[in-house]
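First chain A sits with chain B, and in the next complex the same chain sits with chain C.
What follows is the complex of A and B.
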């Protein structure tokens, strides 16, 4: 993915196959320049790994958004009528042979089988797990990015004492490992809200808050560094001389120039948050009251189930691995496309 | 140099103070009542308002928060006596509270958990370097070849998978499904009680999982730093002098390339020492991470509080050491 992408696209759209082109239109094209974002997109579209990863990510987004319709197409739902109709209590709580694996063939009623002991439908849980995962990761990414960008902008642009103080806070938050913070907050949130009716929702909100509180520092640092170099540029000086208010300089002059570092930090954050959400649920401290891939993995690692029914573990596991892997690789490709210097 | 160290020490102490305050406040104002978990536990979930008030009073939750924070800090330095309901518990310095579950001073249990966590951390960190640096050097020497590209992309692939899933699959398949003899019994066995072999075999799989996953980052860093170092002028001079390749790569190149590696190693080692929650949970090693997870499930607030404080302090100290060591290695840092 190196040689062919570093080609002539930076020269505007100089076509490599001039014989197919009508001479007039080619001339028109040659003078039209390309914005940096267009160039980056062009590079991305030629990167095969990036395209494949983008398709995988889009598939997961599709599953998450249309979890409801897809599960009704397959005739499955989160509700389980009676566990004993689906699982064999005498055989370690494994699903009945007519419900699918591990003792029978896959059936149309339950395309991915049913869960042991509870008899929940795996497909429905997988789809809604995907939704929860992406929903939490995306919301947390948005919040953390907004906080990070604002703090980075302020620290970088105002400088002096404000910068010192904000940098101190960035460093302080960086010394607290995220997992530890989540672990510390879990019993507190549990203790305060476990009797509330909407405990599941509160848990999700709390998770988003924790992810945002401990996720903004990377963005803030990156943006601060960028802003410090941009601050002294002529267009900012010009805006100052013209008497533009600081907030307007920050958001109208500086922010558009920060698109690349913001996209880069989002591309780093999103897979981390997807992995963390499932990881916390696996530890039993994230979403414990509701659907989550991590929780399914926790149930599936019960050794009796794992020995007899490893497919139950593999379904959510492959979901997480595929999603995180493609988000990571896509993020890498985006970073390369935006900054050709990082290319190895 | 001295001034720099003092400056970093002061900011380190400041951060520790702020973090301890944050943790204390969190446990004070966070739960609906900080005494609720112990009241539920002691009364088998029949905690009435009067009982709750009794627990709150004896634990000091009816006093102003700053007063109790003062007592807490004083307890860390000189110890204190804690009262829960009608029983007194002696808690020697450094007093981190009394566990709601076992009624033992938290400090003693914390100390007993440290060997397990430190064992994982030392072994894992050793493997980070053992795998990471040589592979990175080898890749940098063969830069641009098929082997290099294959290595870089396969390591990118491994590091893109969430660590806990990698560790979980390693454990489930090697220990449970295939029952590989040497790996079949993971856990922490004190070296003094069962001998070094059992200790080693219990931790080996956890080390390998940590090492393989963590070394990807080191390979990337070492490779990048080596590629840069090997293109420097002094390397060309060394080549022109006719020095053997070995000397050029290892003595002149690697020495310069190792400075950034040492920095991330220090930070990573600190993170490992502060508790490897996923590793301990998956490989059933009863260290600090496992203990804090247990405490979370048992609503044992003093233990959670103590582990949070312990980990934060370990991390802050290791960051401080890294900064100081880095300023020794690279004089430009302390001058800026």
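What follows is the complex of A and C.
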């Protein structure tokens, strides 16, 4: 988590001029009259990998948002069944043959089978696990990038003592070992809130807070660097001379020019958080009520289950891999599209 | 006696047992389709043989030589090898069988039952009429590993050490020596009390080879207590000073400590000074024993099932439940099922749930089989239905059923009982804790909640990240104050009701988490200790039945069994019924 989600060296720099082009060329004529965002979107649409990744990501978002309706369409739910009704305790706790794989044939009642030992429905847990994963990752990303952008803007633009102080905070948060902090926090949250009725929600909020607290520094550094180069540019100087208030310069002049690095850092932060959420759930901190891909993987990493019933591990694993991979590739594509120096 | 497993596992197991409780359907033994019908290595209440003399009966076909490797999955092993400090299934089972002799010991008879026989004493001790004075005559032919004879003075000093509850805070002496020995309450022990020769304690006297111990209260089970290694000799003076002595204690058994790395490995090699003629119970077949602690269960399971050269002379003290079918089919006699003399219970708070019908409703609403399966147990194998607190085979145990038959999951019956108690119109609230760090414990709790709700209860399950025992046993804990349902797992220290009923159900006992406190029952427990010895076992059994049928203060959810795996070249694969461990005394390597 202390690693930057995106570094300036991989971004290209927006402050340098695009390389010289012949203004009369075909390409230049096409581009003229379009906003930089339009140009970028056009490039994205022509990028096959980006389109495929976007479709995959949209599929996961669809699953997450409509987890409830999809579950009821298939007639499955998160409800805990009596274990003995669905699994065979004398046969390694594997599902009964009539529940589907590995001992029986596919059945529409449980399209993705049921979990060994508990008999919970895999499809329902997969859908709601997707929702938890995306919900936590998205919220944490929003918080982390808002904080990161504001701190970066202030530090870069105001400079001087403010910059020194904010940079000190950035460095300080970078020194705190993330995993250790998360491990320490879990029992504290538990001790304080375990009798509350909405413990599950509090647990998720705490997870979002932890992820955000340790996720904003990369963005802040990136934005600070960009602002430092931008603030010396003529349009900013002009705005200053005209007596615009600082807030207006920050949000009306600088921010629009920072759209590219922000979008990029967000698109790379999302997959990081998805993977982290699952990782923490696997370690037994973070989400502990079982509705999380990480928790399903934890239950499935058992040599016997993997040998006899590998689907049980593959389902959440494929979910995480596909989601993280497409988010990453999509992030790369967005970066390429927004970078004026990239020509494909 | 505690189970020596890491916190998480114990806690998880505790919850499961709390959750996983007794009742359940009555399929016993394995019904795996490819496995042999398996008998439990049980124990039927321990017989005694005061006349047994050395050498021990030879194991048929036993050969000498070889190295036995013992894997202990998920078990950190003892923290110290000091005989006085040991009070765990793991440490005591190893040391008492191989290195550290005491007044008495157990041997396994042909039927697999433990028999109490003399060890360093020439018989099982002589008590006076009311069991307030015990005399043991120490044999003169036992020796230390350095060749010096074990003297009566050294035995007396060893016993005296067990009174030092500050130097040995987790030793079994803190429970038994301190409670029963005369003058023990005022004596701080040889180290804390600055009395290195144990001269200030008047409760013990040595006359030639005779060691006489005076009791503060009648203690008819002294001969059983004598089988604990804490009731054995220790070298006089600084040689046995804790904590250093715990790293390399002086051995007087057939094996001595070669190297010991706590939580990692213990290597025992032959003690050539031990003479078989002096010992009625132990053998010296293998050249070496290597104990590997803290092993990974899945890894050990793979090794043991592969039957490669590593595993042929190895023993594992546990088997993953997911491997049970494979092991049952492949291993035959080499998979040993041993009762661990432990009971898992649910304890409804007697001060909050005052109606016996509600407590019975809980027992009917508990989905026994489902909790076992979800918790990773094999129903009927590692957990069997329980009818009362005393584990199967304990002397005096009665085969009775509270309601005429084994209580099983029956939510309708639970609702009817609740209605009878006047709680039919709305769900009866239950508050309990579960260990959220272990997914198996979480899954078990989900089953309990499901069952209880079907049975007419409403459940508030509080997730905790601490051992549930720390919650249940802390009277000031804010969570504990809200609970009306707790649980305890308890194992017997020797096969007598006195190590099961009073610790769980006597008013004021530490592990009495039900807060059951009936003066008439407390008096009866005190009375049984004063009864003639031969009547005590039946009296405990009768009291067990009386408490369960009249008060039902505790819901026994399961009796627990252990699974041991033996390599194909280990001879005489068997379990030790007295302690719930492999029978180390009689193992040998086939040549």
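Brief remarks follow.
Following the convention adopted for this analysis, the second predicted complex is superposed on the first by the 303 of 344 C-alpha atoms of A that agree within 3 Å, B and C clash if a C-alpha of one lies under 4 Å from a C-alpha of the other, contacts with A are read in each partner's own complex, and residues count from 1 in each chain.
In this section, a contact is a pair of C-beta atoms (placed from the backbone, for glycine too) under 8 Å apart; a residue touches a chain by one contact, two chains touch by 3 or more.
All values derive from a computational prediction rather than experimental measurement.
Partners chain B and chain C, once the complexes are superposed on chain A, run into each other and clash.
Of the two partner chains, both chain B and chain C are touched by A:186.
Residue contacts after overlaying the shared chain place A:172 against chain B, while chain C stays out of touching range. When both complexes are overlaid on chain A, the residue A:284 reaches chain B and chain C alike. In the superposed model, A:303 lies in contact with both chain B and chain C. Of the two partner chains, neither chain B nor chain C is touched by A:209.
Of the two partner chains placed by superposition, A:65 touches none, neither chain B nor chain C.
By the document's definition of touching, of the two partners only chain C reaches A:295; chain B does not. A count of residues in chain A touched by chain B and by chain C gives the higher number to B. With both structures placed on the common chain, the touch criterion links A:41 to neither chain B nor chain C. In the superposition on chain A, A:321 makes contact with chain B only, not with chain C.
Mapped onto the common chain A, chain B and chain C collide along 40-48, the only clashing stretch among 40-48, 76-84 or 112-120.
Comparing the two interfaces of chain A, the one with chain B and the one with chain C have residues 186-187, 190-191, 284, 303 in common.
Those residues of chain A lying in contact with chain B across their complex are 168, 171-172, 175-177, 179-181, 183-192, 271, 275, 278-279, 282-285, 297, 301, 303, 306-307, 310, 313, 317, 320-321, 324-325, 328-329, 332, 344. Considering their complex, residues 30-32, 298, 301-302, 320-326, 367, 369-380, 436-440, 442-443, 446-447, 449-451, 462-466, 478-479, 482 of chain C touch chain A.
Looking at the complex, you find that chain A touches chain C at residues 80-84, 87, 89-93, 117-118, 186-187, 190-191, 194-195, 199, 284, 288-290, 295, 298-299, 302-305. On the chain B side of its complex with chain A, the touching residues are 11, 15, 18-19, 23, 26-27, 30-32, 36-37, 152, 156-157, 160-162, 164-165, 168-169, 172, 176-177, 271, 274-275, 277-278, 281, 292-293, 295-297, 299, 301, 304-305, 307-308, 311-312, 315-316, 319.
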